[in-house]
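Lettered A, B, C and D in written order, each chain numbered from 1.
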């Protein structure tokens, strides 16, 4: 179970990675193992709808057990399947990199979702945050 | 009309097939002739959102009268049509194998939905469960 | 974390309690700590929409941390508040007895939802199922 | 316009107030002038559905321009009106204290939503957070 203190480290260090890489303003969320929000921050200059994107990336990862990169691959080879998954999850899934699973002893305990820069840079920031909190990341 | 005892056999034997084939953790649901839930089980290690996928496979089969394989073929040749069907069914349809019709004397009396491994393996598990309960299966 | 084997015990023993008390056909669901479905069974003779009620009772308990009896009390003294909660949870909350929290070492690890007889009898069946699986129940 | 640094102060100081008063675990969100999420934290031990409640309190305040206490008064004297407002806002409004407007020079620039303890204690924590960030609060 990710504690709030750990979630705050994930958010802070994902943001620090963004600043170190010179990325655009990031929005970062941390979800628990049930896909429910633990923490979120949206940097100044980000567009107002960024929470929904950040959560969508992380939510899809938790609910399907697939990180954003795997969801993207599936969406590109079988688009109607990912569209259908989005239907059963009430449209809350964003299947691109930046949705990164948080693992402990091989089990999924949550996910971090980042949006703001390219999807791959978003994922790199999420991985940095997860590692800083002492968990394994699957991007 | 599928009884609960029969539905429980379907779930148990679909799961047994999964174990016999060495599949990933399966989630199995049984719907009645109206598309309503009779029984469901999610094996340990499956991601939390598996019920929605299992039900989506079975729901689409019951509501359209087409098993998952036929829905998949239609989605690949006429994607907008399956997308439109998903609209009228409130996004609850997952058009891939693993949604298997349950037939008695040629009439649809329900469906089994399985998710967790490849779509084809999911379908094989569903067929095994249906057969064990003494019904015909259309995958 | 409730295992599937434990969830199956909860369902079986809640149903057994219903039979011992001569209750109407019961529908029983078990949700995990994130409100996601682990197991469900609907007894023969129950109306087709029982899954949604059983899940609604358990879902409201998990998401708010309040068992059905406490939700009912709140609904009766401040109806607009429970109505508003139902709005933010997409209408998935049923605030009456029969939604029973599953506790381990004082922490909520899931909930059991039962529907079919009176709300109080439904709750009694849920409690029996939870106790049989070795957990504490808060009804 | 509330900056992220200011929003973080609001969250931290609302939580500090909760700890100083010995309140139950709090969940705190800050919304901007458009009702969109800037920051959120859920304390350990809170139920998983607390984000939706915290946001609902703040969202209703921003969208109607009425703090939670005024929404509650209206709900108690004219329930169908608040129910109708909830309809037009997609069920996202929770009309009780704990949704507090953030004002600058008399204009609404956002809202803080707090949930976890009694509604009045939630509101007191929100006010403390807003004041610590140098804004006026209307609870």
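Throughout what follows, a residue touches a chain if its C-beta (ideal position, glycine included) is under 8 Å from a C-beta of that chain, and two chains touch if they have at least 3 such contacts.
Here the structure is a predicted model, which means the values were calculated and not measured.
Q: Report the inter-centroid distance (CA atoms only) between chain B and chain C in whole Å.
A: Computed value for the inter-centroid distance: 25 Å.
Q: At what distance in angstrom does the C-alpha mean of chain C lie from that of chain A?
A: 31
Q: Give, as an integer number of Å, the spacing between the C-alpha centres of chain B and chain A.
A: 30
Q: Using the touch rule from the top of the page, what residues of chain B touch 2 or more other chains?
A: In chain B, residues 48-49 touch at least two other chains, as defined above.
Q: What is the shape of the graph in which nodes denote protein chains and edges denote touching chain pairs (line, ring, star, complete, other)?
A: other
Q: Which pairs of chains touch each other?
A: Touching chain pairs, listed by label, are A-B, A-C, A-D, B-C, C-D.
Q: Using the touch definition up top, name the residues of chain C that touch chain D in the complex.
A: 33-35, 62-65, 78-81, 83-91, 107-108
Q: Can you list the chain B residues touching chain A in their complex?
A: Where chain B meets chain A, its residues are 46-49, 52-53, 55-56, 75-76, 79, 82-83, 86, 90-96.
Q: Can you list the chain C residues touching chain A in their complex?
A: Touching chain A from chain C are residues 32-36, 90.
Q: Okay, in this complex, where on chain D does chain A touch?
A: 3-4, 7-8, 32, 34, 36-44, 48-49, 51
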